[in-house]
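Both of the next two complexes hold subunit A, though its partner changes from subunit B to subunit C.
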Partner chain A sequence: MPQTLPDFSNSVKLKYVKLGYQYLVNHILYLLLVPIMVAILIEVLRLGPDEILNLWKSLHFDLVQILCSSFLIIFIATVYFMSKPRHVYLVDYACYKPPVTCRVPFATFMEHSRLILKNNPKSVEFQMRILERSGLGEETCLPPAIHYIPPTPTMEAARGEAELVIFSAMDSLLQKTGLKPKDIDILIVNCSLFSPTPSLSAMVINKYKLRSNIKSFNLSGMGCSAGLISIDLARDLLQVHPNSNAVVVSTEIITPNYYQGNERAMLLPNCLFRMGGAAILLSNRRRNRSRAKYRLVHVVRTHKGADDKAYRCVFEEEDKEGKVGISLSKDLMAIAGEALKSNITTIGPLVLPASEQLLFLMTLIGRKIFNPKWKPYIPDFKQAFEHFCIHAGGRAVIDELQKNLQLSAEHVEASRMTLHRFGNTSSSSLWYEMSYIEEKGRMKKGDRVWQIAFGSGFKCNSAVWKCNKTIKTTTDNPWSDCIDRYPVHIPEIVKL
Partner chain B sequence: MTSEMITYICKRTVVSTKPAQAGKCNPLSVFDRLMEKNHIRIVYYFPSTRNGEPGVVTKKLRESLSHVLTCFPIVTGRLQKKDDGHWMIKCNDAGVRMVEARAQGSVEEWLKNVNRDKELMLVTWEDMFHKPYFWATFYVQLTEFEEGGLAIGFSCSHLLADPTSATMFVKAWADTTLAGTMLAPPFFHPLPPPRLGNKNPNHNPYTDLINHYKSTIDDRSPAFTNNITNYVTATLAFSGPMVQACMLDTSRPSPFEAMAGLLWVCVSKVKGMKQGLISMSICLDMRKQLGLDKGFFGNCLVYNKVHHAESLLDKSELSEAARAVGESVTKMNNERIMDLIEWLEHHDYEFPPLMNGHDLICANLEDLDPYATLFEEGFVPIRVSYYVEPVFGIGQILVLQSPPSEGPLSRMVMVTLPADELSKLCDDDLILRFNPTILMG
Partner chain C sequence: MGDQKSRVNVHSVLTQVSSGPSASVETYPLTRLDHAMGHHTIHVIFYYEKSPFGSFDMDPIRVTLSEVLSSYPPVTARLTRDDAGNWAVKCNDAGVRVLRARVGITLDEWLRSADGNEERDLTVWEDMPEVPNTWSPFRIQLNDFEGGGVAIGLSCTHMHGDLTSLILLFKAFSESHHGQAITFPPFFKPPAPPDKKFSVNNSKSTSYLEAKLQKQTPSVKMSTATFKFSDSVVKQCLSEIHDKCPDASPFDLLAALFWIRVVHLKGPKHDDHTHSLSLCVDFRRLLQEPLPYGYFGNALNFSLLSLNEEEMDCSMLGRVAELVHCHVSGLKEEEFWATLHWLDLQKEEGGKYAPPFAMYGPEFTCVSVEHMIIGDQSVMYSMNFDSAKPVHVSCHVGNAEGEGLILVMPSAEAGLARTVMVTLPEEETAKLCEDQSILRLKPTMLLRSI
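Take a look at the complex of A and B:
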């Protein structure tokens, strides 16, 4: 008992020291400004009004000088305001809620596996072990074509799934925002594994009868981080085109990619990937400023493709029998960790408060000059962000990031619960997580959100959003019927 | 020819809309465990609906099936053996198998030319796997007829449901499709427990019923005979007045007893019995006698051998037969069934018996009320056929209700016998006296 008390009081003292340090460094400018202003005020009071008037008369301003200086000021101000990047607002977004009849309980998934992989009990066992530890729940959904025994992943079925997911998300978005299809100036659709001709963006344009001078883009092959790449692209386009609306549709079409072979490394995606999609409306119009939910602050993209191991770690290829599947290498987590470090190094200076940056700099200098054995300082990102949306790629990804960034269970709750309820919906999972945080009533004005996504390549992309107004809970979102049941405790291993 | 008439489109699994409570297990009762070797197949025929588009009705039914399964976790569960070696259902949410098919022609045309083999093609079934934990116990087949009409084939293992429960499930499905709610929710609870306390020391457990079960359990012959007999089924429809005439002839108050007696006599003749009657057991639903709700889900059918007087000097064979049936029915009361349940609880057997493996079985399925199953307003089933498979031994007679348009007393009897005997039966004078319409066979 007496052993712990001194430690406790020590840690409390340390906490206050840290708080004091942070406050001092983060507000240094204000803290320096206040004494200067006080000094000037005292000086002014001391001089008295007559003295000040005399001071003023002795300056000898003439008209030309006054005019030139005011023009200069106006000129500099105009250049400053013109060259400021346009603010990009996220007006609203809509996530696709799959129908309950597409639900895939664990038992059904395993039975189907058993019936399809009749000759490979080892592969079935492997899938069962993955599913037990996956962190998925019993309510995740697969598209109708995968429910058949055997599955029928035809192109028609894939198009059917694309229409179902994308059109539902778009309808929901148009209804939520009151946007008219004719007002969409930019359309970006990202879907990594299904890329028909005409593209999915052409499919959207055809269905909603969008304008003929629309700027449309279709990103394929870019993995689970394609959602943030689309946001980045939309942002760049909105800098060039004033007064525009951009719609970004992020989805992943599962139907054509159900692996029907026996290679273990390729069976993993079957267990984790599920149906989902999201449609997001971004705008740089002034009138959307007051009703927008978020403002985009930063997007940071890191690509580790130059490294061969990183390039090959998520690889789509044919197995020995000629069946196509996505093979995940064993050092996926290590590479993800490296990519994250790179990304953090870039995003850190942009978002971290001065106190953290100073500490990081000091430790860096110290390690280089004084003693290489000092522990590297991991900046505390919890001071830069209120909410974290980590791509729900799998339980391992979330665990790894929670450890690396030293996040608490509540910070990663949105990611874990999204994985449980919807599975890995690839690029749209970040939007389900945002929706979770909003529906829990945790999103307040001024809150900063950090979205992190990993993808094949190997890429690590981040987006930073600032909440524009406190968001009220609604009923037209994918969590509306189950949010009260969450958070749930997800056991390490679910006994099947 | 038949295989070209029906094209199978796909097979899939239908799951409930809400996840089942994890870890829930339901043990099977003594009556359930006896029926391991049997399965039930039911076919409902519906007339053409307004929706002409193929696949629309199937989709709607599939969705409503998902909703109704939420209330029947036993139906979506899987079989597992408990520690004591008895079966139980683990409610693991695995779902039911559904097959979708399309048939040429219209329902009415089909019904004109149907026979047992063709009808069984409308109901999919898979025998128990080596590993029953991955074997679906319930199967549904939806066959849309290209020129109008729908056939719903429903099959299930007899371990989990008897024809009453199966009919109730399909009715619940229909109610959910029609109105969104079930009119009669199911009851999942065990059979009434054995009576506590000391019984009357003079109480003599009804040994006839128990003996019948004992002999059936001990009889291993059906398991060894290679069933190469070609069984055929005929559906005979007896109109209301004819059934009434039969009841008058036999002076029995119940249509079942009259019909059972009639069929017993005729089948005995056809089997070549010059004198006396062949061995027959009746099979009745004991829910009322046990005080169970009609919504009790599980097996509650009890078999009882019918004993008839050997000498028929002063009575007609028909009346004697019907009287014997009536006597058997009366003997099956609460006390005796409870004794049977107690006996079964205490007597384990190594190999599951075949309850319909030896005698001629005559089952009373009059009260099932399948014609109240409406999936769409105003569309009453044209016909509902029942099969309890596999058929062994002498044969099987199922006494069913007729479509409501025929009147409350009319009955439909489905007789399953070896092919040559069945044709002789349909030409028998006694049967023809009651002028049945041969709907099938």
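Take a look at the complex of A and C:
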């Protein structure tokens, strides 16, 4: 990844120069407009009222001309308003909080590992090292079937977990928003690794007795970034269907995917993936505008699947003994970095203020024309966003993004604390992070949030939200009983 | 009947964790008395007509169990050796092992037809491995009967706690399930000896322990029978012996009765002409600074009552009951501290405690659970689930070899009713079940094979 400007930019004087430059470029229009208005005002005052009246009389106005001009104006205005994309609002969302019986302390995890893999002490040691450095805490949860020795990943147990997680999140969402099930027009469920027939979206329709003309979609196999893909799909559908409500359910069902072999690259997901889910209500109805929490501004999707290495870096396959697991390749971080760079290149022009874009453009021109050895300029995304939700895929992912985007510890706090408290809950982790920021009382009206998710394929998807109203802290969220304990210091290596 | 395949089928094993992480991983040592009890295991079974565990995996009762476990860090802990080589408990939150089993018959049929040995299958009997850091010392087995009954079996190594600890842990669970405050909250600080020194030499308990250390008994196949004596019968018997022993408790009466009959059954002794009864009494409230009932650990004392052969032959029930009563009421705190002091003296080089020996046995041992009756309430039958008391409560002690073991416990019926569980070599148990002196008291026989 490209490096930052040299150290002298940290000096105080240059900081003020930079601030002045930013203010100048970002508000250039206002700065140009003010002198023009002053000039006109001076001119008007100079001319005096009689002169202005004479000027007015000299303009000949015809009825036809007036009518045509006004029709033209009205026509242009109508075309503009009709072709403007509908605003999509996030009314509210609910995250699933697992019961305490599903908790997995480190000691229990290691004990089960030793008892199940008793013939492979090296694999047990490997899992212990991963767990020590993982950044997870002692309160993450696994579904009931995984607490058995050996785990009992039957299809019934998987459906049980799906029902528990999805229905709890949906019930919570319906209660928070006051939405009636019959008012749901679009339903999108994403769950990467468990795809039964009938689909999970059919399961939801059956449980809540949704309408027969509902538009339902079930996305599977799309990895941890499927949550934002679902949001993107919902947004596109809401452009076509006016006055509609869309419910998006993001989850990952762990029960059938707990790897029971001893191949190291495949044991890693066992240490990181945990139980979780979220249900989100999106709407384009005008009456939801005032009570919605956020407005969706941009969704940017980047797919690196055309590259073979990226395609194979997160791969579900059978090991030598025929046991199915997800293999993570060693180049994962490098590929993630590449995908992020691609995504940033697309999102940058959409969100960055003019000052940053200008600097980037000038550095780019300079590198091309004058001196290729100039270090490329990394735009400062902290000026475009107040909050960052980085998918809690693992400690390494968060560390890498913090370094590359030059974020402070507070910016990545939501991601790190979500990883500590809930583990890697796959596509729903972004929503736990949003909830954390809200419960800390940091979400104010007008704040912009950037959600970044990575997923198998290899994909990097971003969503930009703008906060619609200052959000008050509540008690019906997954952080309510522990938010006061956070942030916690997470040691590099936890002694097990 | 004895070699029949067990009707209890264990079908799954899982781990139940506590509801919150402990603030820090603490390791604290087990006491001298805990170490001394290391040869044994303790098992308690609670029978209920209707299982409170419902769907099991997602039942809210499991959340209550998790919450109770977070008040008892030693229960979810693992054993480890400290620097001196002694056992310590590392409170790392690893959880308790829960086993689920199914029994193919109804609860009533089981209580009628199963025998004491088969009842053992309702709890977990596992030897502690060499390296117990992934071994759960506490195990709960949930046995589902046909028709909805359940037997909840708790077991643990005797090092961790005694019968009182297990019973009060289960009581805390049932109270939490109903949202009530815990009557006997857990207490983990072991009793500290008072300042004055106790002389080891002329203490009865310590000489008795010395003798225990020396004896070796051959292991014989034992069997258990359960006798339930009703309140009216016990009252009547107590009034019969009133002149000899005015203050007799049901324990004194029943211990004396069974002792006399067992001695009679065993026949004359070859080597020595005294009959001994080892009495095991709980010391929590007998100490000068009483320990709360909720003290989680061992607080027992074993003492010996001896009668010579002639006295035993012509003694009446009343006289023997009087002797037992005097012995039990005469137990002083000094005995308890002297025992602990003696155990300290048995330490090896470097402070390691001596390997444990059998504390229950080799003599005929009688365990009193009278302390679990507070006022007129029996604590053992007070753990209600959905307003239902347990139908029956059994208790077994592992590795209690020797001449035999009897436990005199409260019954489901309140008042003076008692349940007596007798473990003797097989032939003797069979003979005891036909003994007229016992049968005239019209006991209800449970859990003995016909």
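To be clear about the criterion, the second predicted complex is superposed on the first by the 486 of 496 C-alpha atoms of A that agree within 3 Å, B and C clash if a C-alpha of one lies under 4 Å from a C-alpha of the other, contacts with A are read in each partner's own complex, and residues count from 1 in each chain.
We adopt the following convention: contacts are C-beta pairs under 8 Å (C-beta built on N, C-alpha and C of every residue); 3 or more make two chains touch, one makes a residue touch a chain.
Quantities reported herein were computed from a predicted structural model and do not represent experimental measurements.
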Room on subunit A for both subunit B and subunit C (clash or fit): clash
Which superposed partner A:Asp476 touches (first subunit B, second subunit C, both, neither): neither
Touching partner for A:Leu164 - first (subunit B), second (subunit C), both, neither: second
Subunit B versus subunit C as contact partner of A:Glu51, first or second or both or neither: neither
Touching partner for A:Glu156 - first (subunit B), second (subunit C), both, neither: neither
Contacts of A:Glu111 with subunit B and subunit C, given as first, second, both or neither: both
First, second, both or neither for A:Asp236, with subunit B first and subunit C second: neither
Intersection of the subunit A residues that touch subunit B with those that touch subunit C: 100-101, 103-108, 110-112, 114-115, 137-139, 147-149, 152
Residue ranges of subunit B in contact with subunit A within the complex: 10-15, 17-20, 62-63, 66, 78, 92-95, 97, 134, 136
Contacting residues of subunit A [partner subunit C, same complex]: 99-101, 103-108, 110-112, 114-115, 137-139, 144-145, 147-149, 152, 160, 164
Residue ranges of subunit C touching subunit A (in the complex, touch as defined): 12-17, 19-21, 57-58, 62-63, 65-67, 78, 92-95, 134
Touching residues on subunit A, where the partner in the complex is subunit B: 100-101, 103-108, 110-112, 114-115, 137-139, 147-149, 152, 496
